[in-house]
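Remarks on the structure that follows.
Each chain carries a letter (A, B, C and D) given by its place in the written order, and its residues are counted from 1.
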Amino acid sequence: MKGPSSQRDLRKLLCELLRLFYAKEWVSGTGGGICSTIGKKAVLMAPTGVHKERVTPPDLFVVDPLSGDIIRPSKNRSLQLSECNPIFCAIINRRGAGSVMHSHALSGVLAADLAGTSDHVVFEGLEMLKGIRGCSNLDKHPVPVIHNTSREPDLIGQINDMINRTDFSRSFAILVRDHGAYIWGEDVWESKRHAEIYHFLFEATVARARYRLKGGN
Amino acid sequence: MKGPSSQRDLRKLLCELLRLFYAKEWVSGTGGGICSTIGKKAVLMAPTGVHKERVTPPDLFVVDPLSGDIIRPSKNRSLQLSECNPIFCAIINRRGAGSVMHSHALSGVLAADLAGTSDHVVFEGLEMLKGIRGCSNLDKHPVPVIHNTSREPDLIGQINDMINRTDFSRSFAILVRDHGAYIWGEDVWESKRHAEIYHFLFEATVARARYRLKGGN
Amino acid sequence: MKGPSSQRDLRKLLCELLRLFYAKEWVSGTGGGICSTIGKKAVLMAPTGVHKERVTPPDLFVVDPLSGDIIRPSKNRSLQLSECNPIFCAIINRRGAGSVMHSHALSGVLAADLAGTSDHVVFEGLEMLKGIRGCSNLDKHPVPVIHNTSREPDLIGQINDMINRTDFSRSFAILVRDHGAYIWGEDVWESKRHAEIYHFLFEATVARARYRLKGGN
Amino acid sequence: MKGPSSQRDLRKLLCELLRLFYAKEWVSGTGGGICSTIGKKAVLMAPTGVHKERVTPPDLFVVDPLSGDIIRPSKNRSLQLSECNPIFCAIINRRGAGSVMHSHALSGVLAADLAGTSDHVVFEGLEMLKGIRGCSNLDKHPVPVIHNTSREPDLIGQINDMINRTDFSRSFAILVRDHGAYIWGEDVWESKRHAEIYHFLFEATVARARYRLKGGN
């Protein structure tokens, strides 16, 4: 599936995906978000603090991924740019992502709980791992888990560390304890696919962890 | 996000939110409801005993929040005003709320169960706490829990006590054992955001309580 | 809420409710159904063995509730009348129901499991009990639980016994082990409300039973 | 319910069912799929690696079930045929199926977990068993469970073994550990019904297994 060829269509698609993510309870309570590059030098990004399922195409900001500066503000001048901006730009610049989504799903929070004091959770034994680019269902797939901070931009130090770690180089997701996940792909469609895959991995692994603790299989 | 500027649009929005809350199973079986102030001297309020997802704009009542009297009845003369009227008015008058919603969600019932004999439940360790006005993700956020009564208006004594308690002054929600929750905000959009946030807190805290009891993390 | 005044509108409403019940996973896999009286001498009833969310108004049968005979068949001559016919008619004739729905929801199956070897489950400690006509939230509300049979019409003996039992005279539902529930009301709207209420009671009571077994509250 | 009489309508129906299965979280992350025969000599089949809820009628391939060869490719030349092709064809050729669906539902994964080291799971004690052609609610219904492989076509050996086993001759489903399920019927409508029934059996049996482990009934 090819991404939209016009900025107009991409703006529409990002808003459609926000409504989809809202229906899945990944971006409720104004939390979460999404962005996508347009060419190499610009990123379309959702505003902060708004009901994400109600964002309209002209509400989006255009940001320079290298500087994080706003190239074109939202048409709605009362809106502020997403607090995820520095994190989205870091993932775009340093992992070559074309699109990043941020989820506040409960399954992400519970999956991060499974890490305990470790810096990662391993997902394994699931066919859906194949939905992650470069991953086989036989892989043990470690996803980094970082600590939450009081301000979202303060996550950037840990995000940068995890982005650089070679042991996490095959992961397209970072879990944030008590918070959720950042998930990305080469374009909007791969981000959507990765988002669906990782949320499945979160749910399946949490379900199996609960089950096993009770003596199951 | 600004609330609607006309009463006509506000009536439509309240009905739209009732359909949304119904889809989320917060107002099933004719339970639950919503209200919103229009200016300082009037409140739009849903009727009682009707399938909430089927309420139409002319079905709403206009109530004087200070007296609780009906200023303008529903166009449908067979409808009765919501039994939540005195509670909605108390929260508007004494907490400056512009909108209040009442939820019958199962997650609210199970979250209230967590209080045991205590008069509150503490929500903590969740990024979503930031979605509550004035709240940080590092806060321990106590939400009062009251006992259910056989008639809804009889909750008013306990509601008034909780509204006045300084230890609960940062909470925009009151849980009612075996029943659900009242959740409010400065306007309809903040009520919606708070409703989504508190229901997430209920679900996450119930899920973690179950998990921990089985020896998890 | 008044029921539809024309048979045409009632046929549409029954089909709309089947789509709603399907979305709630109460009538999946062609299971479950609904009926409603039209006047005293006729009942509109869904066909058997069809995908219930795809039933259209002319697909419905008209049945004489006293004899169970078909007064007017479905316009689609390949359709057969619901196997629930004798059970629906018994509940209409002997409990004065104006509408009966049959659910195959998992929550009904799990709620019936709670009965163990008893002939009923007691629902209590839930505000939603008020949604049952004549019921207070302080009531202990016993719902009869019968054994499943290999053919649906063979349930009729147990159904008749339970309908006559004075200790179950306030119940508008009968649970069938491993199967689901019959739920009724004075008209379509009360059946819908009762269906939503009883399914909430099933879910809440199953959730609490699981929770308590693990040492919760 | 009769299947569509024209290929045009069948193409539409398959796409509609993919959207339905997506909404049920059976085919998320581009996983899963569906096919249906048209006459004896051709099968309509979904492409691989695409968001299944976005497949359009001209995207489908026409395949010869005996050879597995493509008779008519997708109109969208960038699409590849489903990797399920050999499995779908084997089930069509050797079990007389008219339609096969492939699910990546979590409930299928958790149901397969229940098999432990056995080669099957038995479903029993559920009315919904009647929704399987030829099955009674009193039957013990064994469904084969095979091991996952790193490439989907490599499942074919185990699939062929299970298709031939007389002890599984009444099953219209094969569970794949860590992966999901293949479910079929004589036509699209029976496949849909069987899919809904088997997913219900998976969910119910997993729920009961969890419950019982904690000392329930």
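List of remarks:
Just so it is clear, a contact is a pair of C-beta atoms (placed from the backbone, for glycine too) under 8 Å apart; a residue touches a chain by one contact, two chains touch by 3 or more.
Here the structure is a predicted model, which is why all the values come from computation and not from measurement.
Shared contacts of chain A and chain C, meaning chains that touch the two of them, come down to B, D. Compared with chain B, the chain whose C-alpha mean position is the greatest distance off is D.
Chain centres here are Cα means. That of chain B falls 43 Å from that of chain D. In terms of their C-alpha centroids, the spacing between chain B and chain C amounts to 31 Å.
Multi-chain contact residues, meaning those touching two or more other chains, occur in chain C at positions 210, 214.
Chain pairs recorded as touching, per the definition above, are A-B, A-D, B-C, C-D. Contacts from chain C toward chain D in the complex involve residues 28-31, 50-51, 54, 78, 104, 106, 109-110, 113-114, 116, 148, 150, 176, 178-180, 209-210, 213-214. Those residues of chain A lying in contact with chain D across their complex are 1-2, 125-128, 131, 136-138, 189, 192-194, 196-197, 200, 203-204, 207-208, 210-211, 214-217.
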